[in-house]
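Have a look at the structure below before the remarks.
So that you can tell them apart, the chains are marked A, B, C and D in the order they are listed, and the count of residues begins at 1 in each.
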């Protein structure tokens, strides 16, 4: 049935907490208020203060709590209110959490999920709107997930909570209100598998998070012009599902990558590089990336800044023209 | 004359401090001890405690001090003892320092240099050996510099100190003892300009920092096998000198990128992507990246982990074979 | 009119101005005229007015997401302030900062900050610059009780104490951090209790009493100017309204709101001044009139200011 | 032999064992047999021995770059400990951790940490797990005086206090942070003075007196087990040697080193025990013999352990 993205997150948390007593949530305002974006609404009433833990404004400590609890066998789900604030947890994420297992020779499992909303759309300015996956994609030991739909955000969050590795779970604020079909019963969406959201033969658009929807919109328009776009929702950044990317590119032999994050040095570069290196001669046209310009997220000029369907249309046409 | 890389840094600091009274250094153990790697040796004796400032172990504050001082018109040079610890300054660097100018509509110049040694070679393990440029390359507002030689580290550091923008200056520990020619008199090396370290016609190797030397070593051996390698020392990561990269690739039509950082989602991906997008059909063989495997930097098995000349040789041969 | 009386009227005017500006901003926001989100300091005006009355334009102030009051009390021009919050070209930051990053170098408003606790380390640097140059200028860094639990608070107070920086750490303790009451984020009742751990004075005053705030601030600022180092000055108030405009505060007991609003620093000070004969019966009304006229003009100015041109998106990234 | 006496001998043995292991490690390092760099706690053994004598294997300890002593006192097996520092396959972490990241889940050595202050937030989580499950187990987090200036110290003490976590924050105040003396990184003399700002007890003891250390630790641990929350326990010592093995300490006045070495916690305790008749004339010698034999065997074991195979580079990144 029709459920909002934010509600799907809330359901996933509630279901996993009901299923496994070792799962708990921790973060700023997650308790009484049910979270800044109400991802944790009603969890306090249902599961109590022991398992729904408000913290001070201490992002480094929030992640440390999760790491230590996981070392002792619990399954914490930490919320960082805005993905931008992950910068305050950076050491605890990249130097601690991500390395614990390797550093200690496999001594510990690290079933930690860190949820954080990224992206623009609220005119919240440069410190509340960033897409930060590029900070973490190259950090061995982490998994990075970016769900685009209510269905996927629920299934992927449940998978992330059951995963014995640290998962950085990047939601997109602009999608919180999005409605989509979410099945009644229990289901999981596997981490590390991209999904073809629209089959097409002319060009592959590998998209993440909000840009999946922008790409679908673009594809509709382009269909009218006789361009048949295949849209691959990456869903997981690391581990990267090269197999699905390659399968699609083998079919279309044209590649566009679309993400909301700054284009330069973004994760799109890895996808383009992987295709160019590993599918020699397969591309009939040079690849093209769609992403934000190399400027901080502006306050008033956000709409002009954000990558959109029009940008995807331009990119697709450029690779079709070549 | 022959000077060590670390000494060249020390000279650059001393010269700029002598030249401009607003330049000061701040960081852990930079004073009495002259720095963990002696980059600041004798500066305290020469310039006094006002301009050579030991700090507590407070990496976030160290960067904040630099940002605030620059806002008031000083030209701080902050030292973070190991690049890995930049994770503790992440918010102050990416959310504050890098954004101050844009966020406030160009109200402030931000003449801040943050020096930090990256890389392996000391068996210092996963938290003291990382190459972290990928965390910062995609952050608008920052410049990221990675000098490979004593000559360049001196000239680039002096340029960085005179630059009105925040410069993340990533040195490589393994190069500190390296000797090389450093001219007597005053000179600058411009930020944003790559340099051809070896001219060749068959293949372009774009290398950074320590991998420049590994690539030169590889090129020598390959020359014996009749492969003429051109080596481009990138020197600056952002702003990226695409012009020099493209010029070289136009000539050789073969591309290898070599950096010590983890290959996946590393800055090499951007270079490969840029070439594939902007020089369509120019490459005669698929590009190839050389970088570390997707694992944390190990303690005992560091030698096996680190990218080296042999890796560059393999990469060059693979692109020559194709 | 005596200097003292001028000073008193100026402070009353400053408080009223903050209150009315933020009330107007709230209206405009609700009408969809202001992009982003805004946090108002209504009920906390005595702190901004009292502390900033001790500073000159060459002194620096760093503030937070709830920073309108500090910027206004420090002397920021209302027209360009309003234009900035509207996101227009004539704003102090060309529409790039908005409410959460308001700044005006010209009057020493270094800048607001969207990262809770983010301004504290930066204030070390602005204060160091004064010391480095042998200036007598000082920095005041405003932050909330919630911010006092960030690691940056600790690192900053330790270093400021160690270096005897000309800095006043002014904590506006309003009992709430976003949707969470203080008891759920700190065990101690007063942030000032933490000063001792750094070897600096910690002072707690009633933030609703502008006279007490000003007295305490005068002492802290004088101390900083003398070169005797930083002070942690905590001003206790209670948050009147929601965390941001539009916050329904479902998480908050109504009595708590009522209790907060029972304490009005402006009414209290106005009564005090009229009792002392410092203002006449229409003293407050006169101020209100002047303030209203200024706000009307500023809102007009902001409304008429054009949005930044498309090229502005790409400027100011690098010098 | 009485329990008390057994306990005393065990503590003396524990201190001697740490001292000799680290002396041997220093030799081996100087001979190039140990990769990386190592930090020894020689002269600070009373803290590790005293505090860990209050803990059981189910209790957790987090330590630092200077963590050999804590791991040994907590009961880590010397053979695999030595093999780990050699970077060999039989090490507790398969040669992936070395000295700076030594760990053994089996005896509650959660792990050492190369990031100063990095273990503090993690200790919140291990302690929370005890509380979450209603266990009576506790966590002790060791850190240095230098680490007490990191933001993580502040965030961690605040949260531990707020949640009454079963946690003991044990600060080894040795007066130095790498190459810098304490006066240049903090204004207050005792880290324990900071406890009050979190509403928890702060205790400072002479870290050279193992009896005092143990008494204070017993109380702090009992408090944590009772559910009464954390304690900040500061043990004052003076660093005997360089920051790491091979540090010539050019930055340090020789008298400071001499003064430090004048206080020997092992000799002091041995004298005390023999004066009390708890050990006879050869009591210490016997211990030394046993320790030497154990070390010889461990060094042999480590030397014979093969390096990890090439495939090991790629394992343990993900579960």
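Note that in this section a residue touches a chain if its C-beta (ideal position, glycine included) is under 8 Å from a C-beta of that chain, and two chains touch if they have at least 3 such contacts.
Computed from a predicted model, the values in this text were never measured in an experiment.
Farthest from chain B by Cα centre, which chain is it? Let me know.
The chain lying farthest from chain B is C.
When the centre of a chain is set as the mean of its C-alpha atoms, what distance in Å lies between chain A and chain C?
36
Rounded to a whole Å, what is the gap between the Cα centroids of chain B and chain C?
Chain B and chain C have C-alpha centres separated by 40 Å.
Centre to centre, by mean C-alpha position, how many angstrom separate chain C and chain D?
Once rounded, the distance between the two centres reads 46 Å.
In chain A, which residues are in touch with two or more of the other chains?
If we look for residues of chain A contacting two or more partner chains, we find 55-56, 58, 60-61, 84-85, 88, 91, 95, 102-103, 125-127, 140-141, 294-296, 298.
If I count partner chains per residue in chain D, which residues reach a count of at least 2?
Answer for chain D, listing residues that touch two or more other chains: 95-97, 101, 113-115, 118, 149-152, 155, 158, 162, 184-186, 317.
Counting only chain pairs that touch, give me the topology of the graph as line, ring, star, complete or other.
Drawn as a graph, the chains make a fully connected set, so complete.
In the complex, go through chain B and note every residue touching chain D.
28-29, 31-33, 36, 54-58, 60-61, 84-85, 88, 122-128, 293-296, 298-302, 304-305
So in the complex, which bits of chain B are touching chain A?
Residues of chain B touching chain A: 84-85, 87-88, 90-91, 93-95, 98-99, 102-103, 125-127, 134-135, 137-141, 238, 240, 261-262, 264-270, 272-273, 276-278, 280-281, 283, 285-289, 294-296, 298, 322.
Give the list of chain D residues in touch with chain B in this complex.
35-37, 87-88, 95-98, 100-101, 113-118, 146-147, 149-151, 177-180, 184-186, 250-251, 307-308, 310, 312-314, 317
Taking the touch rule as given, give the residues of chain D at its contact with chain C in the complex, in rising order.
Per the touch definition, chain D meets chain C at residues 149-155, 158, 161-162, 184-188, 193-200.
Please give the residue numbers of chain C that touch chain B in the complex, ascending.
60, 91-97, 101, 103-105, 110-111, 113-115, 118, 120-130, 132, 151-152, 155-156, 158-159, 162, 315-319
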